[in-house]
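All chains are identified by letter, namely A, B and C, in their written order; residue positions are counted from 1 within each chain.
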Amino acid sequence: MSAKTSSAETSAETTMSDRKAAALAAFKDLARDPGVPKPDPILVVDGVTRRFGGLTAVEVAHVEIQRGSITALIGPNGAGKTTFFNQLTGFDTADAGKWTFNGQSMSGVPAHRVARAGMVRTFQLTKALSRLTVLENMRLGAQQQRGENFWRALVPSAWRAQEDAITEQAEELLARFKLDAKREDFAGSLSGGQRKLLEMARALMVKPELVMLDEPMAGVNPALTQSLLGHVKDLRDQGMTVLFVEHDMDMVRDISDWVIVMAQGAIIAEGPPDTIMSDARVIDAYLGAHHDAPLSESELEEQLHQAEAALEAEIEEETQK
Amino acid sequence: MEGQNPALTYFEGAPLRRAVIAFTAFLGGLIFLLAVPAQAAAPDQGLRGTLKLQGQPVNGVKIVVTTEGGQPVKEVTSNAQGAWVVPIDKPGKYKVTLDVKTLPQNAMIRGGNAVRTPTVFSGNVSTVLFALQLKGAAGQPADEGGESSPFLDQAAQLTFEGLNLGLIIALAALGLSLIYGTTGLTNFAHGELVTLGALLAYLFNVGFGLHLIPAAVIAVIAGGALGYLQDRFFWGQLRRRGTGTIAMMIISIGVALFLRYVFLILFGGQNESFAQYTAQPGIEIGPISAAPKNFVAMGIELLVLIIVGFALLRTRTGKAARAVADNPALAASSGINVDRVIRIIWTTGGAIAALAGIMLGLSQNLKYTMGQDILLLIFAGVTLGGLGTAFGALVGSLVVGLFIQVSTLWVPPELKSVGALAVLIIVLLFRPQGILGRRERIG
Amino acid sequence: MDWITIISTTVKSAIGVETVLYALAAIGINIHFGYTGLLNFGQAAFMGVAGYGLAVTVTVLGLPFWVGIGVGLAAAVLLALLLGAPTLRLRADYLAIVTIAAAEIVRLVFRSVQFRDVFGGSDGQRGFSDGFYALNPFPEGEYGIGWFSFNHRLLWIMLVGWVLVALSCGIVYLLMRSPWGRVLKAIREDEDAVRSLGKNVFSYKMQSLILGGVIGSLGGFIYGLAYASVQPDVFGTETTFFAYTIVILGGAARVLGPVVGSMIFWVLLVLVNGVLSEAVQAGYIPFMTSIQVGPVRYILVGLGLILLLIFRPQGIFGDKREIAFDVR
């Protein structure tokens, strides 16, 4: 087993620079406009809208995600990033809009079919299955399990062989994520960072093409941050596409190939990570549009209302989980 | 609401009794216990029934029992509880005739048929049902030649009764909904708070000889106090332990069972009514005829609902309560004392549930299962309106009350609750968040 | 005090018909609640439609016993589909309210005068068990030693009942060690996570509801056959709540939990009831009448349920770390 892993590691190392270089090359000459077309998009979104009462939480006109890249989705609190994630992955129904994954329409498709199609997400608040062991958590991620059929489940010989293969695969992943010592522990006993790792590893059991991570670094202790970052980079180097929501700009700068900025439900800018934060639109979004002009009473009032509405939407998102 | 209490029939029910006797013989008395409470006044074998008009017992009605061939067996009249019993020696088919002439003037048998032919099994008391209704009701030509159509009159009457029931449900539902909203507790023992109010009023009214009005006031205050104490010493403690909502729901089932059967031991299994306002002659207003107490009761219910609604909308505590119900975490972080608000809600909830119980006892009967019987309708109201929204509970309850009564234009009255519960399920299919509820993620 | 009667009834109740039928109901609840986290408060309705399905098929339609069993099982499956379709996509408490409402609908329809010709009103139906007892391999007589003996009819129904309990436990054991059971347990923990891993949560919840309902419906058959009758009020909500108490007593999400729970539950109830009845009759408890003994056991169940959930939510033999539901 050790020989196998080490060979896998070396091959990963040789391809690493290639993948990163390929991703960067794809983005090289792109315009910085919101919704700019990508050379080889895996996910194409058109006109997705979601309203909560009077508040429009998401209104994305057009956006494309480049295959084989790490794309960051950033934006101030209440920008609608998680709601947008929920729409795309079928966890919430959009009021309008179309989106395709690998050319296949995903609008209105239920969450489990989205996952089966190869578009797998994690959650901002980790969803470790507490009273299942770490290993059972992992096994659950495997697709097309014969033993998940009611009748075949009654005949252990019908699924035993596949289960063994799944277990082997799970143990490899656990070793990579340094969770192998915890394999028989209840997932509920893990630390916050370990749960994030477990959730990511479990998502990989699905063998996704696109991994969507909702704030992978939130609540992770700094000692684990580097290892998590490494794992995210690994995903691209193994040929997967990564789309992640994050607040930590250091992390965004460190690992992403391309950054999409959302504010008030809409995409307001795109660009490479090293220059995006100096984009005027982004600064406006983070600091407020009128940071250089004195505010009138009514404008202040208006801003206050917007902030309140945004807060409400954020809370709504939270409570929906 | 109507029909026998399940638990008691479980004990007294004749077929079960027969089964029990057989089983007891087999097992040498294994479930001797089931048979023990069954030694009531009922004969071992025979026929019985209870006559009621709009929930009130009808006495002095003559019932004639003959064999199938017409041999007379016995003649009885219904007693003050509306009940009659005829012991029968030989199992077989019998003919039971209700003497229509002995019915009160405004009453008639639903469907008009005054003869029943039940079968008596050995060791078994069969129940014979005569459903009574007011004259001029659905399907029967009105005997007084009024100008308006009997169907519309009936509809108006039933709408009135539906509003009455809906308001009672709303009183209880408001507390249940607010408690759910603020604490996440689906309280299956809320029906017992309703019963408690009614039984406390009965205790002060009939037991201590107070007039019903002061007795009711004391009962409502006591209900509020018990709501407060329940939260202070029980639910509040559980919340502090971090007990999960599902665990609390099951605990509330335990509380409901516990209280219900304590009531049974203390109060007994019979139907009772208050000392005052029991048999009031009806008055007629337009097409609606009802006892004056019903109008007064509805006035009180409406007033209390308006006061509580106003308090929720306008007072600091009311606003805080709605904020907590909406989002406890946000409310706490904006400086609201969530525990205090919850305690106020429990107190108010207990008081208005007690009031609901008294009103229910006034318009129907007092029984230890009255709260259990209405609990599902309260749930239906709350769910229909949207779980956890206070005003949704009001709307939902009124819809449930109206639906139950008005549906009897087409549905047999014994199945009217079935209709309401079926509507609940159908509404959930199309609007899962309820009428006023906020859209939940249901993916 | 007749201690021999008290002890003999108590000992016999450990394996008696009540224990069997409540064990079956509780095994179903355990699948719903213990393993999948579904709050089905309508288990009594599953038992009811099965018992009545059998009774009506045999007595009203005059069809053979086996057809009646088939109709009863089909009715349980249909009920699960009807209950599950509107509610399994909603939050857990909606299922609780809808199932308890549906159980009440079923009971009210069974006892209604309107359908008296079919369901027999509040008297219920009888006279459908001959086909079952015709299969009885035990010749007429008493079997056992001394007071620990049962007659041939009782022995036959108890044998069938315990075989069904064993089969059900075997199925639960196999399923809960399989990937299928893993999905169920994962749904109990967090259904969104399971959805994000490509499992059709609704379908699994429905399968769980059907399986638990069908196993619970076996309890309805046992009731109907043992007492040779069905009455609507036997299938009230309190029956469901007894089954919940049994599941928690024996330990939720444990294969044998419901069986052990049912045995303890009925032994305790029968013992308490026997001692109390005897004591009241002998005049040792002057402030109680024998009518009050019946309700006391409900009070004890209520109290027991409260105390269990507060102090031993994992059940009598359970491991605190493995509590299957959110008690914290």
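Here, a contact is a pair of C-beta atoms (placed from the backbone, for glycine too) under 8 Å apart; a residue touches a chain by one contact, two chains touch by 3 or more.
What you see is a predicted model; the values in this text were computed from it and never measured.
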| item | value |
| --- | --- |
| Innermost chain by mean C-alpha position | C |
| Chain pair with the most C-beta contacts | B-C |
| Approximate Å spacing (C-alpha centroids) for the pair subunit B, subunit C | 27 |
| Centre-to-centre distance between subunit B and subunit A (centres being mean Cα positions), rounded to whole Å | 53 |
| Centroid spacing, where centroids are CA-atom means, of subunit A and subunit C in whole angstrom | 45 |
| Of all residues in subunit A, the ones touching two or more other chains | 90-91, 110-111 |
| Multi-partner residues of subunit B (at least 2 other chains) | 440, 443 |
| Of all residues in subunit C, the ones touching two or more other chains | 195 |
| List of subunit B residues in touch with subunit C within their complex | 3-4, 6-7, 9-11, 13-16, 18-19, 22-23, 26-34, 36-37, 39, 121, 124, 126-127, 129, 131, 186, 238, 241-247, 249-251, 253-262, 264-265, 376, 379-380, 383, 387, 412, 414-415, 417-418, 421-422, 424-426, 428-429, 432, 440, 442-443 |
| Subunit B contact footprint on subunit C (complex, rising order) | 5, 8-9, 12-13, 16-18, 39, 85-87, 89-94, 96-98, 100-102, 104-105, 107-109, 111-114, 121-124, 126, 147, 150-151, 153-154, 195, 226-229, 231, 233-234, 236-238, 241, 244-245, 248, 269-270, 273-274, 277, 290-299, 301-306, 309-310, 313, 325-328 |
| Touching residues (chain side subunit C, partner subunit A) in the complex | 171, 174-175, 177-183, 185-186, 188-190, 192-201, 207, 211, 321-324 |
| Touching residues on subunit A, where the partner in the complex is subunit C | 89-91, 110-113, 115-116, 120-123, 127-132, 136-137, 139-141, 143, 145-150, 153-154, 156, 159, 163, 186, 199, 202-203, 205-206, 321 |
